[in-house]
Amino acid sequence: METLLKNLIEKNKHWTKKGRVATYIPMLGQANPDIFGIAVMDMKGNVYAQGDYQYKYTLQSITKVITLMLALMDRGPQKVFQYVGMEPTGDPFNSIIKLETIQPSKPLNPMINAGAIVTASLVKGDSPELRFNRILQLAQKMADNPSITYNHQIYLSESETGNLNRALAYFMKNHGVLQGDIEQHLEVYFKQSSIEVTSLDVARIGAIIANDGKSITTGEEIIPASIIRIAKTFMITCGMYNASGEFAIKAGIPSKSGVGGGILSAVPHQFGIGVIGPALDEKGNSYAGVKLLEELSETLNLSIF
Amino acid sequence: METLLKNLIEKNKHWTKKGRVATYIPMLGQANPDIFGIAVMDMKGNVYAQGDYQYKYTLQSITKVITLMLALMDRGPQKVFQYVGMEPTGDPFNSIIKLETIQPSKPLNPMINAGAIVTASLVKGDSPELRFNRILQLAQKMADNPSITYNHQIYLSESETGNLNRALAYFMKNHGVLQGDIEQHLEVYFKQSSIEVTSLDVARIGAIIANDGKSITTGEEIIPASIIRIAKTFMITCGMYNASGEFAIKAGIPSKSGVGGGILSAVPHQFGIGVIGPALDEKGNSYAGVKLLEELSETLNLSIF
Amino acid sequence: METLLKNLIEKNKHWTKKGRVATYIPMLGQANPDIFGIAVMDMKGNVYAQGDYQYKYTLQSITKVITLMLALMDRGPQKVFQYVGMEPTGDPFNSIIKLETIQPSKPLNPMINAGAIVTASLVKGDSPELRFNRILQLAQKMADNPSITYNHQIYLSESETGNLNRALAYFMKNHGVLQGDIEQHLEVYFKQSSIEVTSLDVARIGAIIANDGKSITTGEEIIPASIIRIAKTFMITCGMYNASGEFAIKAGIPSKSGVGGGILSAVPHQFGIGVIGPALDEKGNSYAGVKLLEELSETLNLSIF
Amino acid sequence: METLLKNLIEKNKHWTKKGRVATYIPMLGQANPDIFGIAVMDMKGNVYAQGDYQYKYTLQSITKVITLMLALMDRGPQKVFQYVGMEPTGDPFNSIIKLETIQPSKPLNPMINAGAIVTASLVKGDSPELRFNRILQLAQKMADNPSITYNHQIYLSESETGNLNRALAYFMKNHGVLQGDIEQHLEVYFKQSSIEVTSLDVARIGAIIANDGKSITTGEEIIPASIIRIAKTFMITCGMYNASGEFAIKAGIPSKSGVGGGILSAVPHQFGIGVIGPALDEKGNSYAGVKLLEELSETLNLSIF
């Protein structure tokens, strides 16, 4: 496995030159586009890693999976899906159009920004700090790494420039999909996006998903299997922005990407995978990361289909 | 004229039963749907009025014309039209779709909400209070009525429930069309919408527009004729929400309606007209008011076409 | 007037370099982008012309005005507006989106392609040939030029490549807005677009509109004044594609442009104008033609507003 | 299994009362809404069936899977996906909007009408008859039933009223996504939709998909496994119209529904399933069929996630 990963990193590293670092959040624009790394954890807890697997980056949209699972644990599927849909969308992740054109006006799914603002609002907690901390704690527990925290500078950068997310949130408040104080919901949302990890952390998070929600080491249930199943389904249908369909066909691995360049993948009962490559393709996914995962899937026959 | 107006009020009053009072701003929902009145001022200053012409209502979208003219006086057309377009839109006045689909992302015209938030942001003044006061003063001057003020309760109601306008504003801030503090711009916007008038006031405002910007009594230039011309053009192409085209064909009078049920009309070199009828049609225009103006136009041959 | 026109042609000729000849209809792509000419007819029948006023071009969308007037004469406004709306649209002239999003599904106005296909279908006649001939005859009569005909090669080129118009037509047939044989309606539509004229012809057509439908020479009513009024209104609100609002503000002259580079203008009770300049701006209007008309309007104060 | 199916049919039969038979194709409107049946085939060739499993219905959209597979065999994935995308869409199956708004203008996926018209155009054959026959033969071979044919009356009904599909096709021809004679492509498309089957046939077709493309009885490869994988992926992401995401979460079985009320399902390496229930929910899926499959999946733990 080490050799395979090393070869794949070397073979696909040139793709990093094709992509571009996200710049709409100013702090993200400072990332190094040459970074490229992967970590893989199997169901026995063995970890294989190559390239820049120790590079720290923010989860960005990857957190949407964690927040969804926490909201589902807190409120149950019936309540959650009253406010957010289950359908993929052909539109970009930050599009506002369907909120106006579809009746009732609720976000199509929890993997687009509007939907993730809703799930963040559904996490229990008496204050935004408490709500965010519960999301952070779940990330720490899944990654088995209590030192994980969020990057305050990136959080501030997101909050300052996050007016499109504010627009989505106020639009949803107008239609009753969001309740309460919008800036508090956005504080949770922006902080959760700024949780900082390495690909090792992400691989461990993926391993929990691959292991039906149970700890690899202790077997303890961290997340109920029924909720893991929902998460995996969304990762297939909506996990890679509006390239999800193509990735499902080419790789077939439940995955979620973030504009920080990270990708969280979970090969059921086999592997948790964390990939980093901040140079993005035009859909917002790590250019080299996608290529690597497609080749890894083909080599090891990892597609769930 | 008195007889004509009296007959038209009587003949068209039954239409008030067909419409519905606006309810999306809770305070507006308390309006009496049976109200129906008109005031007309000619170029000699004669005033004719019938029905509930003394009924007080808030300008709502009618203010958009006044704010546009003030922004044009403050910044000049070149600067204003850098941030707001000149094109009619087939979409509802509060739609957000075109802000996403059209490049560059600026509101299509200053008569829809997004565009009017922009023009309100372009009015000069060191604070939202000062900016709003300058709009109010222009309204007072045009109406020759220094006692006009805004309805604080309706302002609060609009501000509390105005999340769709917040969404529009933050969306535009994201694209650089709006700068500065959004809540301050919205304070100006919501206050200007809450300016309270009678149809007599509105008729006098219309008379200034009909008189190319000059006072009827003193001949003093209140607004430059070149700016009046721009205002009249928008009133024809976009003044009656997305029923503007139909009203241009049937009445052909530069007009602007508001969801409070008021209509401001200006028959060039002939009349300023104020109409009130809070029961609205499905496009958001006074049901009976539109019918009355169409018939008035036909009777007196007032169409500019 | 001759001097003025000469100066305006010279002064604005450089704009022809900025525009681009339409190429989506292959035959139109062969037009000479340097062509630039104008003809003006006053209400006494005097004609002033400069530049390439004898250049022959096809009416394209300009015919939409003529066909609308004939459909209105044939069926009456009530019937016509049952199948086509009166509202400007912020979308391009060939857009299909609003046919899907707006209920009921009818074209927003008769100046966009979908709407003009509907009005062409409403012209009376037992065959497509007869229907087209009636449109052609009205054009001939308005232009006082019985030799006007259509360009068969351009018609064939339009018909061969007009699949977007076919899509619009079948979409409308699906919703009951169009009845009968679609290819026959399109034959009328494509032929009427291919009617070939000079700017002299167009100026004469404009003069009839400016003269409330009556012949300049004989005073005979060619088109009822009430229908002329409807046509002028559409020319202001929707005549220049989705630059109609800007042109209304800058020139204020009821006009209709075509992608052949022609513009038909009617200054009420003053002038009929024909302009040609095949190099188009990005909205589809003659680049130099628009500039010339704006300057002519400003110089002679021709705006109706 | 027989008992389970019998119970599920009885338990879910009342849902047929909630749905409505499709009426936009007139002949489909004559279907009996009370019909409800299921057939299941396992990998050993055992067949279990209950309810109206012998009822004949037309495949409608279910054929899209078969045609996609044949196009992929004929042209290869690279060529096919040059003309049709791989992404789910949040829009209805017959929507035309995204063809205008997305660049390049190609259908988002082969499970919506526009996409299926494209794949039908990519099936090899010198005439529409030959192309359709090749699709029919593949259906016959998969269903191991050479007597399957198409319903000519329903074909005629579809062709007569299929103007929305004509609009989609001409729109795509305009953008070069479709080439050649549109009516010929539509002939293939409408005929393939009219292929008439029972749920037994559909279960056998599903069994081939569940068996990675190989015959259950002989083990012969009918379709390459790599193409089966693509088909299963689309069935998960786009198979149930714009309720695909919800069905993926609730049932998790690669499936494709049709407005005739049929559903084709393939549980990898376990079962092929055919369901019929012509009373549809508002998304266009068999109301009772969806409920039955969700419960069957939960009972037997059939989700692939």
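The chains carry the letters A, B, C and D, assigned in the order they are written, with residues numbered from 1 in each.
Quick note on the criterion: a residue touches a chain if its C-beta (ideal position, glycine included) is under 8 Å from a C-beta of that chain, and two chains touch if they have at least 3 such contacts.
Note that the coordinates shown come from a computational prediction; the quantities given were computed from them, not determined experimentally.
*Asks:* For copies chain A and chain B, work out whether under half or over half of the interface numbers are shared, and give different or same accordingly.
*Replies:* Same: when the shared numbers are divided by all numbers used, the fraction is over half.
*Asks:* Measuring centre to centre with CA averages, how many angstrom lie between chain A and chain B?
*Replies:* Each chain reduced to its C-alpha mean, chain A and chain B end up 47 Å apart.
*Asks:* Once you find the CA centre of chain B and the CA centre of chain D, what distance in Å lies between them?
*Replies:* 53
*Asks:* So the centre of each chain is just the mean of its C-alpha atoms; given that, what is the distance between chain A and chain D in Å?
*Replies:* That gives a centre separation of 32 Å.
*Asks:* Listing for chain A: what residues touch at least two other chains?
*Replies:* In chain A, residues 101 touch at least two other chains, as defined above.
*Asks:* How do the chains pair up in terms of touching? List each pair.
*Replies:* According to the stated criterion, the contacting chain pairs are A-B, A-D, B-C, C-D.
*Asks:* So in the complex, which bits of chain D are touching chain C?
*Replies:* Per the touch definition, chain D meets chain C at residues 95-97, 100-101, 161, 163-164, 166-171, 173-174, 182.
*Asks:* For a test of understanding, state which residues of chain A touch chain D in their complex under the given definition.
*Replies:* Its residues touching chain D are 85-91, 98, 102, 108-109, 229-230, 232-234, 236-238, 242-246, 248-249, 252, 254, 268, 303-305.
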